[in-house]
Structures are given as structure tokens and as C-alpha cells.
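In what comes next, chain A is part of two complexes: it sits with chain B in the first one and with chain C in the second one.
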Partner chain A sequence: MAQHRKRPWTFYVLASFFTLFVLFLYGPMLAIYILSFQGPTGGLTFPMNGVSLYWFTALFEQQRTGDFAGSFTRSILLALLVMICTVTFSVMAGLAFRRRFFGSTAIFYMAVASLVMPGLFLSLGIGLIFRVIDVPTNWFASALGAQLTWTLPFGLLIMFAVLSRFSRSYEEAARDLGATNRQTLQYVVLPILFPGLIAVALFGFTLSYDEFPRTLLTVGPGNTLPLEIYAMTTTVTSPALYALGTVTTVVSFVAIILSLGSIAIIQWRRGVRFRK
Partner chain B sequence: MKVPSSVVPYLQVAPLALILLVFFGIPLVTVVVVSFFDYVNFQTVPAFLLYNYEEVFSSNLTVTLYLTMLKYSVIVWLITLFIGFWVSYFLVFHVQSLLWKIFFFLVCTVPFWTSNIIRMISWIPVLGRNGLVNQTLMNLGLIDEPYDFLLFSDFSVIVAYVHLFTLFMVVTLFNSMARIDPAILEAAVDAGASRWQVITQVVIPLSKTGIALGSIFVVTLVMGDFFVVKIMSGGQSSSAVYAMWNEISMLQYPSAAASAVILLIVVVLMVVAILRIVDVRKELSG
Partner chain C sequence: MAQVGGVELANVTKRFGDTLAIDRVSLIVPPGTYCCLLGPSGCGKTTLLRMIAGHEAPTSGDVRIDGQSVVDLPPAKRGTAMMFQSYALFPHLTCLDNVAFNLKVRGVAKAARRKQAHEMLERVQMDSFADRVPAELSGGQQQRIALARSLITNPKVLLLDEPLSALDEFLRLQMRGNLRQMQKEFGITFVHVTHTQMEAIAVADLVVVMDHGKIDQADSARGVFDTPRTTYVARFIGGQNVLGGKVVRVESGAALLEDARGNRFTVPAGDTAPTAGETRYLSIRRDRIEMEKLADPSAARGDAVNSVVGKVWMTEYQGSWVKVSITLPDGEEFVANIDDGTFFANPVREGDTVSARWSAAAVHSLEHRESGFDTSRVGMHA
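Coming up: the complex of A and B.
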């Protein structure tokens, strides 16, 4: 390998490796999206017995597949809440971490520990606390907190990456020009960091929307969508399961496209403005 | 503003710190405390007993469980590291156009933002007895009977893990490699390094933060896994977390807490081992 100086040789090997990897990533997912359009008599595997939306309508008949509509709404609301909290708190914390302050190392390690903590451990702990203080677990209290222990460290790490490319001289310039702290934040820091904030929001939303172990013991009486899907894997043996997979993936893709699209538009506009 | 500037960082970090304290710190302590409690007549009773731990350690099942999980994490770690390294290397050093680079990177990360459970069960119609792989192999006349080892086996468990977690290696390694100044590689080549030497002596040392972070993600995710082993092994084997879940559903909180503490210790030891090799925070802020 060492002796081959010609670029194409290694390039093509790695390019085919990459292609295989992408196939490996997307192939199986495509299979279930296609299978979710099975005809009414179709089964869990190929071949397709006709094409229909039968299994999608089956999703909304509650008795057949569990509480799809309820868990879906709950998941979306929870994900939005988590997203808002994650963006706000991790941006604030990210700004704080630009200086070393007393306790910063401890908080950093707490965040890392929270990230690598087995999810069910926390679920159990939070569940136990709510039992002790005799408050019923609920998706907007205990589950929200549980999910934040997973999304906040993520947000913080992304903020580290975003802020490492952000020069303090912008802020200093703003202050030299007489801006107050608030104005500096509002008109200088946040607009520059905005694409990064969207990335944090995307992570907050999707990590919450897909969270499983931390939510398991903290969600209370109503399930979130991943818990519902998990229950379905053992009880539902029809393509309705795949239909659900397709629906949740569509939601994820909408979130992804919205965020990445807006980042792209912002960056493009900036490019245009700088060129003028 | 009236707030003195030395207080500002504390105010900024307070919400995050408070949430982590309440929903991470206190639950952590609670679980540790409860792991010493007694369990009498289906009730959890405050006490200080080592019984729960003795029970866990004396059971052969637990040992087998952890050995299985360790086996999975090592295999998955090796495979994801291999894939992650070459995919990132290709994206960073071989793809020239920035737009394509970003596009390919996004192609790798998009599945991360979609449901893990769905991605996992999507292997069932592919690997099953009547699945795509078996059908294709039979149509090609390569085999007469469908392979059974493809699904509900160690093989399918590892495939699912690799499928779910390779992204963490790709993202972290890509980040590290993208920060390497191309001039350094040119300098190495000018100094007479072969392509292979550039990789082993320049690229790998400079991407060790990414390797460390990716490894932490992959190892802790596999060790903390709840459902992949259970579903993809067809119920034959179980994960440490799933065993814990069984105890929880029987309301045996003290023994579940003891299992949780042991699992945590194992995970922390693995992370500490990785962090001892690479000081991640220094590399991140530096």
C-alpha cells in the first residue's frame, strides 16, 4: 500500500468502501419503507402483495395497534419542550464555559457522566425519587427532566465545537462601540452562533423524539412513541409496524430538512452579503 | 448591567447545572442508597445490607451476562472504529469539494436523527429466513436452504449495533480529522513519509480525541443497551440492562439498584480507561 503513490488506487478503494457503508446504512431502512405499503394481505417480508395505504389507516384504529395518535402527540410535544430547554440552557452554559470558573470542571464532568450513564439507571433513580416524594411520574415533568440529562450534555458539546470557532473579538468590538451586554448578545453573539443553535435544536428534538430507556420509567401513564413502537415489536406482527416506522421517519426527516435547510439558507445569505 | 462580571458565568451555567443535579445527581445517589435496602414482602425497606450485591455476584447468570456484553462491546468497537476511521479518512482527505464533503457527511449522519428501534427492526425483513439476503442467495443458486444464523443470533445483534452506532465514530473522527491542517500531511510527505506512514504517524495521533470520544460513545451505548440484544437475538440472550428491567418490573427495586450500580461501575471503568489515554477536555478546548 505504501508504495502506491498514484491517487486513484486508494481513492477508488475507499470510495467503494464508503458506498458500501451508505448502502448498509440506508438499505434496510428502505426495505421497511417499501414494505409499509404492502397490500392488505401482505406479510412482514418481500414479495409485495399489491400496494396500498392499508397499514397506515390501520395505525389509527386504536384497538388494533395501541394508542398511536396519543403517543405520537405526546412525543412531539415533549420533543419540542426538550428542544427549547436544550437550546436555551446549553447555549447559556456554553457561553459560561468560555472562561474557567470555580466548579467548571466539576460541571463538565457531571455533564459527561450524565451522557454516558446507562439510561435505565437514571430512569430507575428518577422513578424512585418521584415515588418517595409521592408525585406521580408524568411525561412533562419526570420524563422531561430525564431526557434533558441526555440532550443537555449533547448540546453543551456541540456548543463547545461551535464556540471554538467563535472569536471573542466580535464581542469586544461590539462593546468598544458602546453596546451593552444585552445588545452584544442579541445583535452580535446570537446571530453569529445561530446556525449552531439550529444544530443544537435539531439534536434536542430528535434525541428526545427517539429517547427510550430514560423515558421508560419516568413517562407515567401515557407512552411516548418509541415506547409504543417497542411494545408493538412484541405484539404486532403485521406491516402496521413498518407503517409506523415510515411515519416516524417522515417526522424525523421534516425536522432534519427544516433545520439543515435553514442553516444552508443562512450560510448562503451570509456568503452573498460578504461578497457584496 | 448591575451584575458583576465574575458572577455571569455562574448565572449562565446555573440552569444546566441545576437540571443535571436534580435529574442526574440526586437519582444517582438514590439508586446507590436503595441498592443497600432490604426487600421484604414485596416492599422496599430502608436498611444497610450487602445482600443485593452478594446476590448479583454469586449468580453465574450475571457473570455470563457481563461477559456477553463485554464481548459485544469489544467486537462492535473494533468494527465501528475500522469503518468510522476509513469513512472519515475518505471524506476528509479524498473528497476535494467542500460541498460534496458536507453532503456526504450529512448522508452519514441523517440516520442518527431517525428512530433507533425502527432502524433496528428494519434488519428483520433483510436477514430473516425469508428475508432479502436469503432470497437473493437462493435465487442466485448459491445456497439451497436459507441460512438461519443471519437473524436472531450473535451475528444479527452485532450487525444491528454496528448499524446504530458507527455514526458516533464517523462524526467524532470526522471532526478531529477535519481540524488537521493539510499542510502537516504535505510536510510529512515532503519529509519522505509513505502514505501508510502518514496515516499511522500523523493522522492517527492527531485524531485521537475523535477516536476516544467515539469509543466512549460506542462502548457506553452497547453496555447501556436495552432492547437490541433482546430483540435481535430473538430472546436467546439478554443484556445487563434488560436483566435490570426484569427486576424492576417485579418491583424488586433494591436488587435492580444493585445491578444498576454494578453496571455503572463497569461503564465508568471503561470510560476512565479511555480518558486516561486521551485528555478529552484539554483537546476539546485547545
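Coming up: the complex of A and C.
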């Protein structure tokens, strides 16, 4: 069509609205990232009083800013544990659910129902049970369990999406070529599903890394990072808090970039570059 | 080398829940045969193939390969190899590793299995693609890799599930010749599932025409084309005009039939003696019809035996022949494939009234059996 079309007025309204939304989304975060580089004498608000890495180093001095190093280590370890459990069980469950078996529907709904349960109550309940059976709550026990109630159903749903595009004929071909069940899983099923597994791992890791309500009453004596940050907002009155925000964001970004990057590399190797 | 890979199905039945997929099928495929299982989709041909491969277990009956029952053996222990419909090449492995997969799971050392896989790739002229992954190959190239991957297991029987359906027309013709050549070269049995009549007739020594979980006819390619056993086979394979009529008279080994419009045909008596009043069916090949334009349509009264009169509704030039479609007064379609020289010496046009004749010797007697499937749309030259 040669005729030049004028954009309707609604375009400008929606575009301005979207701009406002983006500002609202990223503006505050950007302010925090910038303020984390505040000079040593600077405060919690603009203007910047010089530029330094002072508050990043301050983070690791426990007495001033709370136990950042400890909670950061706990959160990363917990996130890794959650990730490993989520990937392992989601893959096994996903493969099992391809065939209908007795009670499969009931089990599926039971697994997914924990997504809609309020996290705080779940946390409360798990904390209670641990007290009843007289086992101390801890981040690697009760908190791990509490977080899995959240990440496993997610992982399972992602596996359903991944497996819906996985043809059974790959497994049949492998068996036809003499592979045992273990070899079929090892050499065919898992490698083909690998990009999907990375997606499940990424979800498991990030959901755990910033989980708050399910961890709150199950974490035991040592805080995870989100709980520590929450505690710090009431006690810390220095830009160290902002430095913490910057560090945690960088960790999340690194996790996402590593995952998406490795998926892209795998797909590229499998010749997606040759498809139109 | 003695030929191997005889396949025998003995009274094989397969049910999926309440659905009867295969109904007491018995078949003998001699060693070194190129066999095609042919039928419309849903006729059970793929299920039959998967039961030979061991990816499906028969509900009852026996599957034997070279005389030995294999129903209790896993796919890899049967001496069969299967080529899947979309090839199922492993997308994460190079062509070389795909072909070497069987050797790898059997524990053959890396250098030895690579050497063997390279040799197999050479046999299918794909060695220059060894380091590519399947997504980088065309459909025809993927098929050769799949073939190499199957053949490296030294199968006695190669099972091919619609091996040409993913290819375009040009490649299909080329690859089917290629498959036939490979089968001769390796001297093993091929069982090839297809729904394309021409494909089966072109490559197979033994064509097995299936319908509704049963075998209608297992015969040579020429046998199913030239002497179909039933009305279903004649219509499904195509290239035939199928007619029916009531027996009026029986004389010297032939019966005289009359259809509802008063047309009269002779049909050889066949195995069972015809009795007056019963309905008999016959087929005449489309290329055994002589056609004549009637100058005065009103005078047209097919008095002559072995002829019909109708209106031409379509002529289709096919190169060496012309397909003339004639509508009979009762709406039935009758097709004459006329040699191009004969046609253009005396051409007819759409709307002309013609009389189509054939000799009594061209008539073939059929058993009556119809399919629930619509066979009118799957005629070979349609």
C-alpha cells in the first residue's frame, strides 16, 4: 500500500503509558544501582557525594551491615540444592507422566495444588511440624523442603512443555539400535532434553534465590539473603544496602545469562542456524 | 551368500483396548524379498510393521524370522532394524555418531566404531557429511543417514515406515529406486510400509494390500495390478474399471451379466461356477479400452456386449497416453486410457458421447469386497 498511514491518537496514549510503566519498573532499580557507588561520606539519597566502591567492601564487615557473607553463601548453596532436586525430580516425574498410570491425575493435581497454597502458611505449617517431631529447623532441611513445594510444581509444568515436543520415536530408535534403558536415557533422552533441563534449573535456582515467605519460618538460626535484606532495611541506614541490591542483581543476571547462553550454544550446535 | 531374513506372521492379532487393529493376519515373506505393506491410513500396516520390529507385541499369534519365533525378543535381538517415518535421527549427534550409535552401545572402541561408521557412510555416499548434524541435511540426505544407521546393525530384515513420505515428488522417485538398489546390494529382506500404490508397485517383489486389519491380497506387483482379487483391491490399486451385474446366462466357461442400465458384459466363470441371478463383478484395465465417438447420440444404445456408452466429462493429457473420463448414464465414472497416437488421430472433447468397448479376453473376474474407506479418491491415475 503506497498510501502513508497516520498513526491514530491511541498509539500515542498507549506509548506514553508504556514509557511510564518502564520508568516505574526500572527507574527505582537504576537509582539503587547508582547510589550503591556512593562516596564514603555520602548518604541514602541523592546527590552523589563522590564515587567509590566503599559500600561494597563494607558489605563484608559483619558488624556494620549484618551477616551478608554468611547469608549470601547460604542462599547460593540452598539455591543450588533446590536446583538439583528440582531438575532430578521434575525430569523423572515428567517422563513418568507421559504414560497414564493408576492415580496419575490425582497425583498431578496434588503436586500442582501446592502452587496456590499461601507460602507463609506453608512455612508456618512446616515449622510447626518440625517442632512437633522435635527436629530443629534449618536452611538445608526445613527451608529446602518448603522451597521445593514451590519449585517442583513449576519444574514439572516446564517439563510437560518440554516433553510435549519430544517424540517417542527417538527412544524407540535407540532401543531398536540395541541401547539399554540406561543407555537410552544417558545418550539420547537427556541430551535431547538438555536445553529444557537448563530452563528447569534456572527456574529452580532463581525461585529459591529470592524466595521469602516459604523460608521465613523454616530457615532456623541462619538467615538466607532475602530474609537478611529484609532485616537490614530496618537496621542499616547506609548505602551498603544498595550495594547489596546491586550484588544480588548481578548474581541473578549471571545465572540467567549462563543458562540462556548455554541453551543458545546447544541449539546452534544442533544446526538451528541452518533453519530459516 | 544365502539370502536371509524370511519373515513369517502366523495368525497375528493385535487389539488396542476394544479396537481390533490386526485381525488374524498370516503372511510369509521369503528371504531377500522387497515387500510392501500397502493400504489406506488406519488399515493396520504400521502396526504390523511395529510388531515385526518388536515395538508392539501381538495380542495373539506368532512372528518368526528365519523360522525362529521372536515375539519374546527385544527389538535389537530380532535381527531387524527399523527406519522410522521421520527418521528419528538423534538431533544432538553428528551423522557419524548417529551411524555409530549401535556400535557405541555395544561397547565397540571409539576408533573402531568411527572407522566402521565412515565405511557405512561411504556406502550411502554420505561420508562428506560425517561431521554435520541432522538439521543441516536435506530430507533425502537424512534418509540416507537413517538407512546407514539401520544397516550398520547387520539386520536380516530392514523395516521401513513410510520412508518416502517426507520427501518431495522428485526426490521420492529417486529415493525409491535407491532403496530398491540397496535392498539388492545387501541381499536382505525389506518390509516397506506405504499408502502410495505406485510406490509399492514400482519397488516391491511382494505387494501386500491391506484393509481394516486384514490382508486382501498378497501378490507380485504385477499380480495386484493386473489380476486384483477383490473389488476393493481393484479400486484401491487403481488403473481398473470395476463393473458389476446380474448373471443372465452361463455358457462355456463364461457368464453373461446385465447391469441396471441394460449393459451386457461377459465374465470368465472363475473358480466358482456362476448361477443365474447372482451378482458378479469384473474389472477391465483402463488401458485395454477402445473408444469411439458416436455421431448420433440418440442412436446410442449399447446393444453390443462388452461396451458402455457415456459422456466425456474430462480429458487429461498424460504424455504417452490421454486419460478420458466418461460419465455413464447412472453417474458412475468409467475411465479409458487411450494411447496418445490413437487419441490424436481421432480426438474427442468434453461433452462428446462415446462408446467404450473391450474384448472378452481383457475381462478379469473379481470377488466382491468393499472397504469402509472411500476408495474412489485414491485411484492410481486419478
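Methods note: the second predicted complex is superposed on the first by the 245 of 276 C-alpha atoms of A that agree within 3 Å, B and C clash if a C-alpha of one lies under 4 Å from a C-alpha of the other, contacts with A are read in each partner's own complex, and residues count from 1 in each chain.
Note that in this section contacts are C-beta pairs under 8 Å (C-beta built on N, C-alpha and C of every residue); 3 or more make two chains touch, one makes a residue touch a chain.
These figures come from a predicted structure and were not determined experimentally.
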Superposed partners chain B and chain C on chain A - clash or fit: fit
First (chain B), second (chain C), both or neither touched by A:Gly27: first
Chain A residues touched - chain C or chain B, whichever exceeds: B
Which superposed partner A:Pro191 touches (first chain B, second chain C, both, neither): second
First (chain B), second (chain C), both or neither touched by A:Thr180: both
First (chain B), second (chain C), both or neither touched by A:Glu172: second
Superposed model, angle subtended at chain A by chain C and chain B (C-alpha, nearest 10 degrees): 90
Gap in Å between nearest CA atoms once chain C and chain B share a frame through chain A: 11
Overlap of the chain B and chain C footprints on chain A, listed as residue numbers: 180
Residues on chain A engaged by chain B in the complex (per definition of touch): 1-5, 10-11, 14-15, 17-18, 21-22, 24-29, 31-32, 35, 44-46, 85, 88-90, 92-93, 95-97, 99, 101, 103-105, 107-108, 110-114, 116-122, 124-126, 128-129, 132, 145-146, 148-149, 152, 156-157, 160-161, 164, 180-182, 202, 206, 209-210, 212-213, 216-217, 225-226, 229-230, 233, 241-242, 244-245, 248-249, 252-253, 255-256, 260
Chain A to chain C touching residues, read off their complex: 167, 169-170, 172-180, 183, 187-188, 191-192, 194, 266, 269-272, 274-275
Contact set on chain B toward chain A in their complex: 1, 6, 8-10, 12-13, 15-17, 19-28, 30-31, 34, 83, 86-87, 89-91, 94, 104, 106-108, 110-119, 121-126, 128, 130-132, 135, 163, 166, 175, 194-197, 216-217, 220, 223-224, 226-227, 231, 241, 244-245, 248, 253, 256-257, 260, 263-264, 267-268, 271, 280-281, 284-285
Chain C residues within the chain A interface of the complex: 53-55, 74-76, 80-82, 84-86, 88, 90-92, 101-102, 104-106, 132-136, 149-150, 153
